[in-house]
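Below you'll find the structure, written out as structure tokens, and then a few comments.
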Amino acid sequence: MAYKEMIHMTWPEYAEMDDCITALCVGSVEQHGPHLPFIVDLVIPYEICCRLSEKYHLLVAPPVYYGYRSQPASGGGQGFPGTTAIDGITLINMVENILEDFYRQGKRKFLLMSGHFENTAYMSEASYLFTRNHPDAKVVIANWWELVKETTLDILFDGAFPGWEVEHASLTETSLMMYYRPELVHSDRIPDQQGKKFTPRPVIHPEPKGLVPASGILYSANGASHEIGKTMSEEIVETIGTILETEFQVSPL
Amino acid sequence: MAYKEMIHMTWPEYAEMDDCITALCVGSVEQHGPHLPFIVDLVIPYEICCRLSEKYHLLVAPPVYYGYRSQPASGGGQGFPGTTAIDGITLINMVENILEDFYRQGKRKFLLMSGHFENTAYMSEASYLFTRNHPDAKVVIANWWELVKETTLDILFDGAFPGWEVEHASLTETSLMMYYRPELVHSDRIPDQQGKKFTPRPVIHPEPKGLVPASGILYSANGASHEIGKTMSEEIVETIGTILETEFQVSPL
Amino acid sequence: MAYKEMIHMTWPEYAEMDDCITALCVGSVEQHGPHLPFIVDLVIPYEICCRLSEKYHLLVAPPVYYGYRSQPASGGGQGFPGTTAIDGITLINMVENILEDFYRQGKRKFLLMSGHFENTAYMSEASYLFTRNHPDAKVVIANWWELVKETTLDILFDGAFPGWEVEHASLTETSLMMYYRPELVHSDRIPDQQGKKFTPRPVIHPEPKGLVPASGILYSANGASHEIGKTMSEEIVETIGTILETEFQVSPL
Amino acid sequence: MAYKEMIHMTWPEYAEMDDCITALCVGSVEQHGPHLPFIVDLVIPYEICCRLSEKYHLLVAPPVYYGYRSQPASGGGQGFPGTTAIDGITLINMVENILEDFYRQGKRKFLLMSGHFENTAYMSEASYLFTRNHPDAKVVIANWWELVKETTLDILFDGAFPGWEVEHASLTETSLMMYYRPELVHSDRIPDQQGKKFTPRPVIHPEPKGLVPASGILYSANGASHEIGKTMSEEIVETIGTILETEFQVSPL
Amino acid sequence: MAYKEMIHMTWPEYAEMDDCITALCVGSVEQHGPHLPFIVDLVIPYEICCRLSEKYHLLVAPPVYYGYRSQPASGGGQGFPGTTAIDGITLINMVENILEDFYRQGKRKFLLMSGHFENTAYMSEASYLFTRNHPDAKVVIANWWELVKETTLDILFDGAFPGWEVEHASLTETSLMMYYRPELVHSDRIPDQQGKKFTPRPVIHPEPKGLVPASGILYSANGASHEIGKTMSEEIVETIGTILETEFQVSPL
Amino acid sequence: MAYKEMIHMTWPEYAEMDDCITALCVGSVEQHGPHLPFIVDLVIPYEICCRLSEKYHLLVAPPVYYGYRSQPASGGGQGFPGTTAIDGITLINMVENILEDFYRQGKRKFLLMSGHFENTAYMSEASYLFTRNHPDAKVVIANWWELVKETTLDILFDGAFPGWEVEHASLTETSLMMYYRPELVHSDRIPDQQGKKFTPRPVIHPEPKGLVPASGILYSANGASHEIGKTMSEEIVETIGTILETEFQVSPL
């Protein structure tokens, strides 16, 4: 069965979707090391949603590329060339606007996804404000990295998972990109780097320099593979599928 | 030479672009008849910018899918299933934010494009506010439909060009899409329709029903072809190239 | 019968108007050549509404002088001394506030008029947001220059109408001002100027200099007369009257 | 010498004003009893500014009709038919926008006036925000009712001045209107009413009914005259003139 | 009976309050002479509300320290070290948000208090917007200084009350602080100062220097005492109690 | 040495602080179980800052009680009686306003603290926007729970630290409150509860019921003590002190 991407649809095709779940993905334009493109944080959730749309009556809405500012602790920060963001207030308003306009068309079930931790608070606020006005709508926000089972991580990392904080442009994201969009991964540019685990530190503005490795990879991308990506993807899709079944009382097609 | 799409770049590749023109495209999620996808208004300017990036030192920034509300007079209006928009205020803020964050990285030359007439006022306001704060930056906003020569239109339409107001999902957009993204055009679904020329009428809220043909095509898509699209595209790219040379004092590569 | 201008009314007089159409005019403070005052874009729609208030149960609300920024392509731009504007966001909020507060008082039928093209998008957005909250209200936005019949233009211009884009401070506006407020027209200062038809060009920020004739008249005011103004005014008033009858199902008094 | 009203000027006339004081008046659309029009709170400051423009190098900018909501304690409240207002936030933004755009044109000296007490806080905030961004500009906000000498009030009221709180639509406003715009005063409709002095009371939302006399006059308009208006006007103009001389270091023409 | 301060409560204690009046106090961080702390404008209304909570079924919500900018005419202005404020727009939104979130929990009766004149307009606008959305809620805004009887002032001041305008950090505030929070009053630092009565003057931005006495006391704190504070407090609490009984139809406990 | 709390200072005392670090604490009004008050998230950072003000040239600014909405995953959510919040946009604006107004007075070094995880994103955005405008200022945001050493947690919890996610109203917060404000802790009401470790789950709006234990304690408060609180407090104060020394290049007094 085909992906149900709205960006490829005509309006009569959309009209047939009727009372589906609407999945909106918000990404970021953020450095992801010398081997991955800026748009990793959109590709991953978007590809997950595409796979969900094969199994469920779910529409993948046109995505949003720009997200909130990158923090050094989780994405390398604003200092890398090309990392480009919008204000938190704009992000809240944009997500609320989009939900509102799908609601106007009769949509009531929403899946919000992002591959960018920094978007989380703003997407949640947008959803709160939206459902405060429309209590008959429901929004589920699922962060893919929170949905990988610990047992899986133990297997993938041989029990040495360094923590999600440093998994930016590292093993998991690289593997998922190898699976989803191999043509965008430059495996030959993966540096022989071994980062450190995250040590909590204060947030400082203006952003200090030198907080992250010069490559932009927070830990290490060595060992990433298409197979790891495939395994993770299948598990995440299955987990979110179960969440959708529970929260929206839907069944697989 | 390859397109310089930021969505496919890594940060070191971006870093090499340095003092380039930055091209930002804003689209719309708007019905375009039974034969074209919702994202026509993004595809056309984005493909134009990609071609410009072959000839000039120009970066194609990640695009924005969602734009301002569709008006019945120029896009079919909000009543068609799937037409989805953001508020004018949000659009102003988003475009200003993106320009601002590229400016932080040293960019000073911007090309703003949209395939959606309704975005124009908001994109212009964003650019005004941005350059008021940063008078050393320059923003050029080019609407492709204003840049096709009248002589070309006469040839394409045998002297019967019905006016841009009704060219929504009609001959020109269909031809350009056939050239740019043929896999997204359903030629077999083009209805045998002949619309009417636009008659000015008041704008009414809430939007009245029945103002546009049921297909969503305002005039007619009959006769559209890959060749017409190619001819138009080449002319538009050349015209905007000349504008860039004049306004930013750049030369072709 | 007298004009029903709210600025001249006491509250008991207003109270008698009850379920009338409420007409709100938004102007601009924008240069209009060496012979016309800054407020042409308010005078014209306001005088039209006054004449409508003689024929229909219609209240002319206190007008708004300041509008959105002048664009070089349609009004000479911001570079002329005295051209003074408010932000697009402020204009949206102000119009929405005023509609909202008349709604609180029971008004449901609104005519919005402006003599300034650049206001259009913001007035429409305000009306959209207002009627989204209050679907039992209806707003009609009528631009006078879109309502002059082509046959009339042919007669007035001997078939040489140059297009509305360049009719700023030119023949039609000058004629209407001669009819409405002759004491504000300095006929002796009308330069012997013949402008050019409009050629589409990109919008550029910061605004370039020298895009329009030094006089501020985009085409030519030669030949303007009180009679032409009277003819146009009567036709516009009649056309809008018909629109009001259709949209609000009202009859002339 | 003539009034220097920008609403009657052409742009070359404005250009000659150069480094003048710019006077902006904000009114209200607020009931003023059965004998006065809605726009009293604009007419009074505007006419004061016109007279100041005869004596000083001062430009009277196009005024703003709509102001902040009427409070029962000072204007009768929102309950009277026709009393129409904009939000406080909109008022702040509008005034700041206008100041900002005159500043862009080189203006640095501003006189802000309003005849509506309720506008005061918002006009002051707009001026604060404006001068925070532009410390080389100066804004003087003068409320006419604070500038009438106590000795004058004693003479006018025979020592029985009831306090400005109840002077809404009463003796002073009526007299000033009789002097400035006698054609808008319906003396024959002045009720034989004697209001009470103001007793402080809590502000309550939603606004309670019956807080003010049914006429909308808070105290009494009996005894108002053209002569009283003239005397007050001359004194106020003289006092503000002295303020302008001190604050802007200007001299009378 | 104990004060019902929410800042000291657990959630089960709050839950028992149920359908109470909710009192929200907004202060200011504003100089109050060499003898009083910055937070006088919060302490006074908060202590009043605590006393009201002994007598009525009234909850004292967590207070807000920061208020709107100090004006020279009523608080010494922004020029004194430490006087720190938030924007008017932020104050409107904050108060509206808090009211809204208590409303969500079922609260419908609100008492808003402030000891800072400059907050008044913004608190009223917040309440207006809140009750416009929720007409079944009621907000009473009581300024303590408007509720002291004139006869009391005559006794306290021997008939020489200088007017509330200059009572900043002066006799009444000092006395109330001596009664409420004696440990925060430095009586030994009260200067031997005799201020002048207020003379109305224009508001000027940027704020001029030297408008108020160097101490920050606008009139005089000499003669302040715990007893005067106690007398005033008891009278104010009684007066507001009566207002609550009337407006919310409640009885003392 | 005494705490340097601005809420207890007069303006001359503040003036002597001059070029100090300014510490601003933002709390939340959020349920903290049956044994702790709503204001735990303010008390903890505020008391930490007070202790820092004994050792460093640091001013404790008046705090902010209201913060962002409680999330079920970290604070019990909005469903508990009394949990009261402001919008994310308001929180951004308020924090930025306060920083801005201290900057106006010459402050350049800021410590921002909160005891409420949900505030983090908004406080960071406010600081970003503030320092973007004022790059000569520096803001350090320190979350106390990120600064307790793992070795300490091992000792305190006998190696069974359940993770900070469930430490809401649990052992650490209860211990710190017992140390800081014992009079506000109702030890006798601590339920014999043993919560579960946190399992990541999607964020859902409207907020589902029953996600957290009925007590509002996410894990367990059993075993909390004044001594544990003292140990943690001393360690946190020392750690933040070191951060201040590094970031602001200051020395202990």
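Residue numbering begins at 1 within each chain, and the chains themselves are lettered A, B, C, D, E and F in the order written.
In the analysis below, a contact is a pair of C-beta atoms (placed from the backbone, for glycine too) under 8 Å apart; a residue touches a chain by one contact, two chains touch by 3 or more.
Bear in mind that the values here come from a model prediction, so they are computed numbers and not experimental data.
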Shared chain contacts [chain D and chain F, defined touch]: E
Listed chain pair B-C, C-D or A-B that repeats interface D-E [over half of contact pairs the same by residue number]: B-C
Intercentroid distance (Cα basis), chain E paired with chain A, Å: 48
Gap in Å, rounded to a whole number, between the CA centres of chain F and chain A: 29
Two or more partner chains touched - positions in chain D: 87, 89
Cyclic chain order when read starting with chain A and heading to chain F: A, F, E, D, C, B
Complex contacts: residues of chain C adjacent to chain B: 68-69, 71, 87-89, 92, 118, 120-122, 124-125, 127-132, 135, 138-143, 146-147, 200-206, 243, 247
Residues of chain B defined as touching chain A within the complex: 6-12, 14-15, 29, 31-39, 61-66, 78, 80-87, 89-90, 93-94, 97-98, 101-102, 104-105, 184, 186, 189, 216
